[in-house]
């Protein structure tokens, strides 16, 4: 079971200017083979499938804490994509359009953009697809049940994910995207080290000495450095109110890159509010009548208000009063 | 962000006898188009992509609470599959085999089973694939950004999911599977009604009167009935420590099927412990050396113990002492 | 535009005994790479995309007549699959079950069948998937726009389809399946020759001399022979009330295998009634209340009857009378 | 069985200027999850799989008429795509090129276009793929066999399709595309109402009151309005010479949006001629020798003409006269 | 460029008894995510994409030699599958069947087998699909261009492949399959160590100390042990007449598991003849007329013989002599 | 088994200017349905699956020689793609960047390019995907086991491949791409004729008279003509040191297009060196430390040098000296 918290793990600035193709590139970090859907689902399924977890508890606990953190990463990447997409086309509400406005094509610029799904399947928003629009696939989940092999996979997966993050960073210099990617480099870096540590505990091999992969330090990415300078790369969070408490038996000792002491903490980050996404009326998103919006914005469920709004709706819906539905009502 | 809790939402009995093909059928409820991966991811992405959520808060909160609950459903279905698969093949540990035991084929019976991935890709455990082994796909996520359309989709999706659950129930009479499916019928039923209520608030149409779809009451499934008799079909849980509090503005009034009053509660169910899965040595799952198991079962991170276990490992690994690695150590 | 006729092109006997795995094999002829979905869609798209059809009319007309006939082939294969599946599991109506019948698992035998989609996704009925449950894909459509290449493709496609038909024939000796496959061998044979003739007209090469591919005559399949003995392999039908009339400029001369004169006819076969499929209540298919069935079986739309049925429904639906919907009605 | 008619359901103007990326967007309406391939195939398979159709005839007849109409919709969208693509690259016939023309790259502009399949796999023409080039999949077909669930699905599918159509309309202001989409909004609207009516007959719920979804009236789209002003949104056609006659038992009463009386008619629309597509010699489409074109343009099958054309072909094909083929002829 | 040699790398015994479901399981080692198609194509593409190979030659050479060896592994697995499939159904030649034999269904037993493609798409032979019939995908190729990351991937891939091989070994005790898998465990083991050594050279980390993964020695598999006892696990072959000569700069020092000295040799194994596969006439495979078989078995290209065979063919093909083709010949 | 040779079959010029979208188009010739992956794998699997190859040896030998040649074609197309991609983005090495260079986005231009995988999944290099980024699929392999049908397939496949090559040629006028495509037109042309000849031997039909498909002679493509003028279209190579020697029994007689005598030769072309690909540091490709590069460029395996480089590495890696790994070393 999970409890969900309406906060993002990092403070996301608004983009300098919306950029649909940049959003399309960032999709790789969400729905790509090495995207956050993959890290989330790999660790989640491995934790479900863990055999003899009673006796191998520290490994299980490590896995579960990381799996839980990955949920905040699909949130973060989605939020970044959504900010990059919001406002990329012209706003226009056809419901109130008249005259020549009826001939307008407010989504016209989308025709030449890379990812048409953003404008047709979604309302300029994130989807679990990669940078080429190919959907994320359950075939990306590796869960062999062999602990050493699963850990090796995870170590590789996180290194591959890091390479993808770096490349997307090099593609997109928008501050929203870079804030997201910088943070992910740090937290993904924690996961890389965590799996290295787990393999070390299991085998005695100095796996951490392989790092960093690729050979560029997080210190070289300003949006990652600000977090590392505060020590965020040393901390593993217990993403649970009371469970998965033994991850610290693996997450300890010095960090393989800078030698700082690792720390396992029962608290989770306080987080930041999600940005509210503006309406995109040209996409009918959310497409709710302004009067109804006002109604829902205040408290629902009050019978008097409900009745009033129903009355208003009926008033507006003149033609529907002759509908077969209402006819039937009279009959029954 | 999420917090994960190491509990299952329902108490799962052990199977009468493991049954790999039954597990294969149950996979449809996990990785099928109408499986729990789909419900989880649809609502999760719709919540990420919600526009003007400030003013449409009750809808957003409803969606988020349901999305969060769906996580416990991928857990539950996975746990049921894992129990059905555990013990389906002969146990044998090749590491300690000698003589004719080296010619054995402990997984032989798996050759004729329906889902080979259970025995090759996983260690007799769940994967995000459907009943035919086709992987779950991100293409199953619908997130148009239009609120009415997304709610209609969700209502349909849950009805489709209900039909699948009923059919799997009719296929498998194992108590583990039926305990899981019975519970899911009830909680999925809550979600159906929740989306019906949301559509009703938005449009005034009595969508709930379409229920049940298909036209068989949950009361006809003994493993669902026991939960409904306790009122579990009337309760929506706030799956969050402090957020998503306004779902009750939609989840209220009488239940469309039995007229009982709906209830939104800030508490979540206490839950039940996950079953621990036995080792499957013939699959090297988890494949950890028994001595190491013992070591990890007690507290790690104690330097003295660490050193001792390292010594023992070295002692066992005779040949490795001439490995290039150790040679290199001497050189450096 | 098309007009649809509620008839099958051949008289399908009922199966000796239903056989779900045989149905699974026959699916290859529907949704496989060389199945009827492929032939239908290849010719359909090629006809849409035909350039300079005014001057190349005989080729266009040939293509369109064959495309139209292929629709009757997806019908035929689906009907055969449906007959093979109907009755494969135990019939039981949970709506009226009581006592120990509630613990029954009428679909139990389906657990070991090859295609679970038949029992979960469909109501024991055909789907556009192949013999392994993989869905038919638009990637199976070849439409290069180069006439010679498209014709060569079609010639190959039909030969590949013939090989598949023969193999399914050798797998399944059920009379329903064989009646369908035998007929398809004959009509598919017509299409093979048609594309051979078209290539001959275009290039002068005796493509028909390559036939039969594989090297077994249709005369060796009793269920095909009966149709050939009536000359059905010599006739191309104009599947249109008034269009595509010039196909006979290509479909003429002797048949390459037996030298009989080819014939293009403006009439289409009279056809045979579709078998009616029995209800499968254990799958809630169609799942309509018996009283409603009776109601719909007679003429709808009569206001008096409508009112009566509505009254009866209301009477049955006791609890719904306190539903929010009905409450709302009172308010409005 | 079907009869095909060489007419389009609406009169398509030529595009202002061809636009390959607009064509790429329109592909979503053909091969997308909510495209016309999906509506066509969903209703087609549901009709094949209908259980107890004898007694539930009005529903079956409704489904069959709509399925048949959908064929004209894949035609219409394909025709629009083809008009948008025709002429998008430079015309050049390499067969007759000499000198520096041999170094030309007439398809050069296609390199930067969104959908390369249009230029490599097809001859600038439609394919059953979506706006991102992903092929249509049989997994898009829903056919549960449960009547209420299938109708609910269809209602949702049509609403989703409507949302897609509106968005493509907002992207593309080309008159060809808009003529096609405007017409589809009207006829798709008929199908939405038809499934709403069917659900109403089955359950008594005023499903039609949910409309329109999204909340923009067809009246706001000039190319749809012209058809609605003529009443086209009130008419269901019997797309069959003599079958499926009872659909009017469901399709009756007032239209849920404007209250006008619905009408079921045994006639189908007269239709309009398909636009003839110009040759694209740079794609070898159709790639037939001009002399042969002339030959085929007149009546084939006349032996004298056949012989003459064969003679001419031989004359042209000098080198082939020493081919092994002709050698063999001399031998035999 | 490659040169192909008509030899298998190991001597494959005939199966005790053909077993179609065992063949289906072995397919995972061919077309699965961790099958030989994946290892072959990963290293092949990485070698194509290698940047600065001049200066990093030893790594490039290692990769190329291993890539080349993998070709012999797709051969080996295919050969094993083919032997397991040959003879699984009844042999019968419909071309010469008469009377009641025409009603036979020689492929009947295939209906209940796991992989229908083996009997419909292929002639009881291998296809690039996995154990569930899902096709191998290019998405399985990882080629980041970052050397350390690619090597880490390859190390993981080979460990994953080893786990799959062990599990298939535990499933199938047929001598053909086990001879193939035993050999692959040894040679795959060489590749694991090779990538470990390459990572060690690049980073100084004792990656080899992680082995074996899973933790079962090859010595425990009799069919692998016989090869290791001859030292086959210590030898890397230069699969090139004169190139890729510097792989020995990485492949050297002691083996991480048994400390024996590694050896790079310019010779390749002599190999063993491929088993000849019997005809399967019930599948028309190869479906060539016995007289023609005789003809091709002797030397072709002799004009006199060619003429004679042509004469014989013509004699047999009576009806074809009235075909339009021959008519045309007379005309020309 | 194969031997690999580090040579390309044709001399590839460097591009005039790198062009990522042209590379994206050329991908169709690598990973498309009709790309070189398809030709390679079709013939390879058909050769593995050949039944009665002893008696049908000339056909088998033909297939194997062509299959082997296709490997050089995936090399060639990959090399062309890699040359087109190398240098398409700004070069920058973040490892040594300081100050404002840390804010740079060297891959920025890639955001608007067609194939993001080239910049995220690979290091500006080829992948087995098509022009839309869809991965090559094993479903593209046809291997029916029926010789005539397989040959017909191959004949069609090569014609389809030829059409694709011509279209890519018309799209891209870069000299690298055209040199590759021109050569492939000639060698693919050989394969077309080879399968035509094989069908002729088997059936007596003048299949070669269908050529060329499409109807444009290779003589019209300057980069193909230069090879044909040297007779390269008449020669089939024995791509084996000593096997597959009887292909000449099929490959003989006059070429169907120009009547020149065909020739089968035991020698293979000498080939040309592969272009070395420059480093792309902004992609960390290959990402190896310059000092290490120098080290690897000279001979490895020299113990003294190894020790020195290890010392240097340790010196650089200051922080790692406090890593747990090194701590452990001290303990052991």
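Here the chain labels run A, B, C, D, E and F in written order, and each chain numbers its own residues starting at 1.
The working rule: a contact is a pair of C-beta atoms (placed from the backbone, for glycine too) under 8 Å apart; a residue touches a chain by one contact, two chains touch by 3 or more.
This one's a predicted model, so the numbers in the text were calculated from it and none came from an experiment.
Undergrad: Between B-C, B-D or E-F, which shows the same interface as B-E, counting it as a repeat when over half of the contact pairs match?
TA: Over half of the B-E contact pairs recur in B-C.
Undergrad: Counting residue numbers used by both copies over all numbers at the interface, does the subunit B-subunit D contact come out same (over half shared) or different (under half)?
TA: Same; most numbers are used by both subunit B and subunit D.
Undergrad: With centres defined as the mean C-alpha position, give me the subunit C-subunit F separation in Å.
TA: Comparing mean C-alpha positions, subunit F is 41 Å from subunit C.
Undergrad: On a C-alpha centroid basis, what's the spacing between subunit A and subunit B, in Å?
TA: Centre-to-centre distance between subunit A and subunit B: 20 Å.
Undergrad: As a quick test, compute the distance in whole Å between the mean CA positions of subunit B and subunit F.
TA: From the centre of subunit B to the centre of subunit F is 44 Å.
Undergrad: What are the residues of subunit E that contact at least two other chains?
TA: Residues 33, 114, 121, 132-134, 139, 142, 144, 146, 148-149, 163, 204, 206, 209, 214-215, 283-284, 287-288, 310, 314, 328-329 of subunit E each touch two or more of the other chains.
Undergrad: Within the complex, which stretch of subunit A touches subunit B?
TA: Residues 1-9, 31, 37, 41, 44-45, 48-59, 64-65, 67-68, 71-72, 74-75, 78-79, 82, 121-129, 135-139, 141-149, 201-202, 204, 239-244, 246, 248-250, 252, 268-269, 271, 276-280, 283-288, 292-294, 296-297, 299-301, 310, 313 of subunit A touch subunit B in their complex.
Undergrad: For a test of understanding, state which residues of subunit C touch subunit E in their complex under the given definition.
TA: Touch residues, subunit C against subunit E: 19, 21-22, 24-25, 28, 32-33, 114, 131-134, 163-164, 166-173, 197, 200, 204, 206, 208-209, 214-217, 220-222, 253-254, 256-259.
Undergrad: Would you pull the subunit F residues touching subunit C in the complex into a rising list?
TA: Those residues of subunit F that touch subunit C are 33, 139, 142, 144, 146, 148-149, 152-153, 155-156, 159-160, 163, 199, 203-207, 209-210, 213-215.
Undergrad: Quick one: in the complex, what on subunit D touches subunit F?
TA: Of all residues in subunit D, those touching subunit F are 94-95, 97, 102-108, 110-112, 114-117, 119-121, 132-134, 282-284, 287-289, 319-320, 322-329, 332.
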